[in-house]
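Below, subunit A partners subunit B and then partners subunit C, in two separate complexes.
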Partner chain A sequence: MPYEDKVLTRKSKADKGSGDRMGSGTVLSSGDKTVPDPILSPDPLSTQRPKISSWRQFKAILRKDIVMELRTKEMITSMGLYALLVLIIYYVALSQAGTNFDVSRISAGLLLLAIVFTSMLGLNRSLVHEQDQGQLDALLLSPIDRPILFLGKAVTNFIFLAIVEVIITPLFYFIFMGNAHTSQMGPLWMVALALLLGSIGIAGVGTLLATMSVNTKGKDFVLAVIFIPLMFPLLLAVVTALNAVILGNPDATTVFWRFAGIAFGYDVITIAIAWALYEFILGV
Partner chain B sequence: MKTSLKWAVVLAALGGILTTLAFVGAFTYARMQTNGTVNLPPAVARQVIADSKNGFPLAPPAQQPSSPNLLAVQKPWFSQKIFFFHVPLAVASLLVFTIAAIFSVLFLVKRKKSYDTRSRIAMEATLVFIIGTMISGDLWTRASWGVWWEWEPRLTTYAIMTLLVIAYFVLRNSVEDEERRAVYAAVFSIFAWVDAPVTFLITRILPSTHPTLTGLETSNLIPFMVGMAGMCMLGFAIYELRFNEVHLHERLDALKDDLEG
Partner chain C sequence: MPEQAKGTNAQVPALEVQGLIRIFGARKALDGVTFTLPRGAFLSIFGPNGAGKTTLLRVLSTLTPPSQGSGGFKNSGSGARVFGYDVVKDAVELRERIGIISHNPLLYPDLSADENLRFFADLYCINDPQARIDELLEAVELKHRRMDLVRTFSRGMIQRLSIARALLPHPDILFLDEPYSGLDPHAADILDGLIASVRDQYTFVMVSHDLDKGLELCSHALILARGKVVLFEERDDIDREQFRVLYHQTVGLGVS
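Right, the complex of A and B next:
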């Protein structure tokens, strides 16, 4: 049957060694919406050049995204503003809670909720960019290894998420926990570590899922539907660890390290899977 | 008729018979389990013990009330009978889920369209069995724990699995291009499958109120194993029969296209 044997060919090995022209202006100048022609028509001579190192490929992807962000300032502005709006909604939601209500008991969850929503917005945006301006196609034509492409995108997503977290976590503290019972609170680096483990997982898995969801009909909706169930174990582990630090109960250190360990294990496993599967979803 | 189809029909029949046998056995052969005690006047208690051949025993001396006017009788645990269907349903759901994941991997390697169809059909069967597990489990938690739902490790991980399987179909329906849909669905189902071993092993790792299979007595074990075998056969047969149907449809469509084309 012709139908039965329908086989999709993908990723030719040839595109790996096609020169080092991605290093300079071509992909980087994505702000002006045109993809330069040379990258679409490979130069036959270039196959003889040596392969670029993975580290340089990685740096190029990272530089592209950061330069683009510095020009448009779109990701940070939209994510930061969105996070701020979520905090304002928290204020509205908690405004009638009364003075006896101890916000610190639920603050770990509230903070993580803001981060999750913001990260979904950011993930979606970061890949919608790639899609809209045809950058993903250009990236696929460039001699970049697929796993490096994944790593580059995931790291840029992580960086933007981390910047937003650095802004909203102190804000959250000052708005909601200024007069909460925080004398018991554990060291700050523990909070940072819990958030770091959470952000690594969100950026790693989120990059894979967002790459899929931008190619679907209901972009943001599909991302939420596939992202939240997969993230569930990580979110639960991070909230438990954060909560232990903030409340500072006697067994806080034990609980923190156990759940930080779970979050770490989740990150390692899921990022390994995402790393392995990422090249399949590109170029189809 | 194709050999695989013949086998599927045989398995479906056998699975149906075994599941029915397990159903009958659960209420006749399996000894009634008890859960807690009830205090009755001695005359009533003796009547109950004499009338019921299959259970309702006198409670051990430690559980007897101090008052001489009352006698404690162990309460029969009717909701425990759900166990004979709930567990096989859950195991069958994990089985077909695993089939879906295996064909997803095969699809990503070989890129044959029929593997994608197999994976999708197995996912549909997974959804059916998951719904069965969820309903029977909910009835049990209501009867035994007094709540409809509890955020307990096994229930939580299984609920995530439910959401992942639903998300699989949301993702599928939202992609128009055929090959892209197949690849995305395969990638997502491999990712989602990671939850299957987690939900299977979680009651052995974390402290959990969900019962585990330990120390089952023979009269309960036999109908349970029969039900388990029957349900797994049914799961596989449902998947195989449905696949054959869909596969025929797709071949027919392809032929029609060829004729028109």
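Right, the complex of A and C next:
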């Protein structure tokens, strides 16, 4: 059936119940033939919908989140400030430890602790701002595969976390390790790799858990309670790998690669699970 | 249902709802809802708070799965189809054909009108998105504000942009969830005009608390109470006074 005819057929059916038979103030359709406005009309070839491109949808989510963050600076500012406060607290606490205390022995744990706490702040915000005006419903109404939505949000969280890490890691080094025994420390790229593996896992698992907790009461508390225990294997692996690099023991390289491998395995497995479960978690 | 019976096939009704059930905890938000709506109709859904109106709209728009019929309409004998597309089994295809206008604008306040529409155009993978965005902004008379952030818009302007967002993918059906909520009379008039301008081209399903407005617009009316259909009739068959009495009786029922 030609499109014009189809619209007019629809119109004739609709006429039965519209118009001003009940004294309505709005005349919805007159008896005259109306030519539908093509801009506001359904697609004449609505069976031939555009081919869905997951790559285009992924880029759209990434671009939208980054543009909004550049505009509001909400997440990076709050995460950065929070990380700075954690460093100040560390400084106050360690200033009482005496001059003989070698901070480098616990520096990997301290740094990762700051990163994990900071990430929780960002993870909570990443989905909450999709709820302010029902935007999450609009996302879920679109023909996007749920795993692509997960990937978009996880990569955005990773980027924001990485930006904060790039700021606080050198700061941490200069504040706490400037005078420490770091002459044996391994190459910087090993530190970066360990942090990268940690950040991927934090962003992946964190995005999944933030989605689970976003509709719960006390979402901050819920996220923290589930997040830390689930992240424990990753945190242990990354801290051990980082410690090996920082302390530079004779078997540092072996230990580093063993635990970097564990962290990598954790990332792959958890992200695969998150990918598979995301539709179920969203409930649609 | 064979593939050719979906979508634009004129024989397929706009909505087929059969024994639809949705349970939240111990409460049945939808309890065996059944009705069929022809193409091109305008259905107004009325009912007290908690009657299941928004749940029904969410199930029909694939945002909430039904508690029964999760295997699809065909297998379970209960569920819902929109233009022949099962809300569970064909959810992905169906989402391309649905537009929603809600009291929530479903827009990002920190993006401009253009950026908002561009984002949704990319999610729907619309061909030549800029041309489509331009024509829609023109149609809702927001072209001059296209680069302004949505947070600077008035409620009426946001609702107009919300309509542009809903029409972006050329949907076959429009769901309206209390679209007049929070609008001043002038903005409500503008929304009336926009709905009137597209009335003949779409099937509409509107949830409303406003009896007069809902009856004025609709071709079919449905009253829900405690998740059950109390009344589903064509407007021509409805006596407005009796309808009003029935409506107020159901409001008195409250929620389950």
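Convention: the second predicted complex is superposed on the first by the 235 of 284 C-alpha atoms of A that agree within 3 Å, B and C clash if a C-alpha of one lies under 4 Å from a C-alpha of the other, contacts with A are read in each partner's own complex, and residues count from 1 in each chain.
Keep this in mind: contacts are C-beta pairs under 8 Å (C-beta built on N, C-alpha and C of every residue); 3 or more make two chains touch, one makes a residue touch a chain.
On a predicted model such as this, the values are computed, not experimentally measured, just so you know.
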item	value
First, second, both or neither for A:A244, with subunit B first and subunit C second	neither
Subunit B versus subunit C as contact partner of A:L235, first or second or both or neither	neither
Which superposed partner A:V155 touches (first subunit B, second subunit C, both, neither)	neither
First (subunit B), second (subunit C), both or neither touched by A:I226	first
Between subunit B and subunit C, more extensive residue contact with subunit A	C
Which of subunit B and subunit C A:Q57 touches, first, second, both or neither	second
Common interface residues of subunit A - those touching subunit B in one complex and subunit C in the other	1, 6-7, 9-10, 284
Footprint of subunit A on subunit B - complex, ascending	108, 110-114, 156-157, 160, 163-164, 166-167, 170-171, 174-177, 179-180, 183-184, 186-188, 190-192, 194, 198, 250-251, 254, 258
Partner subunit A, residues of subunit C touching it in the complex	7-8, 10, 38-42, 61-65, 91-93, 95-98, 100, 102, 104-111, 115, 119-120, 122-127, 135-136, 138-139, 149, 165, 167, 169-172, 192, 196-203, 215-220, 234-236, 240
Residue numbers on subunit A that touch subunit C, as the complex places them	1, 6-7, 9-11, 13-14, 16-18, 21-22, 24-29, 34, 36-37, 39-43, 46-47, 49-53, 56-57, 59-60, 63-64, 67-68, 71-72, 132-135, 137-145, 283-284
Footprint of subunit B on subunit A - complex, ascending	1-10, 205, 208, 212-213, 215-218, 221-222, 225-226, 228-230, 232-233, 236, 269-270, 273-274, 277, 280-281, 284
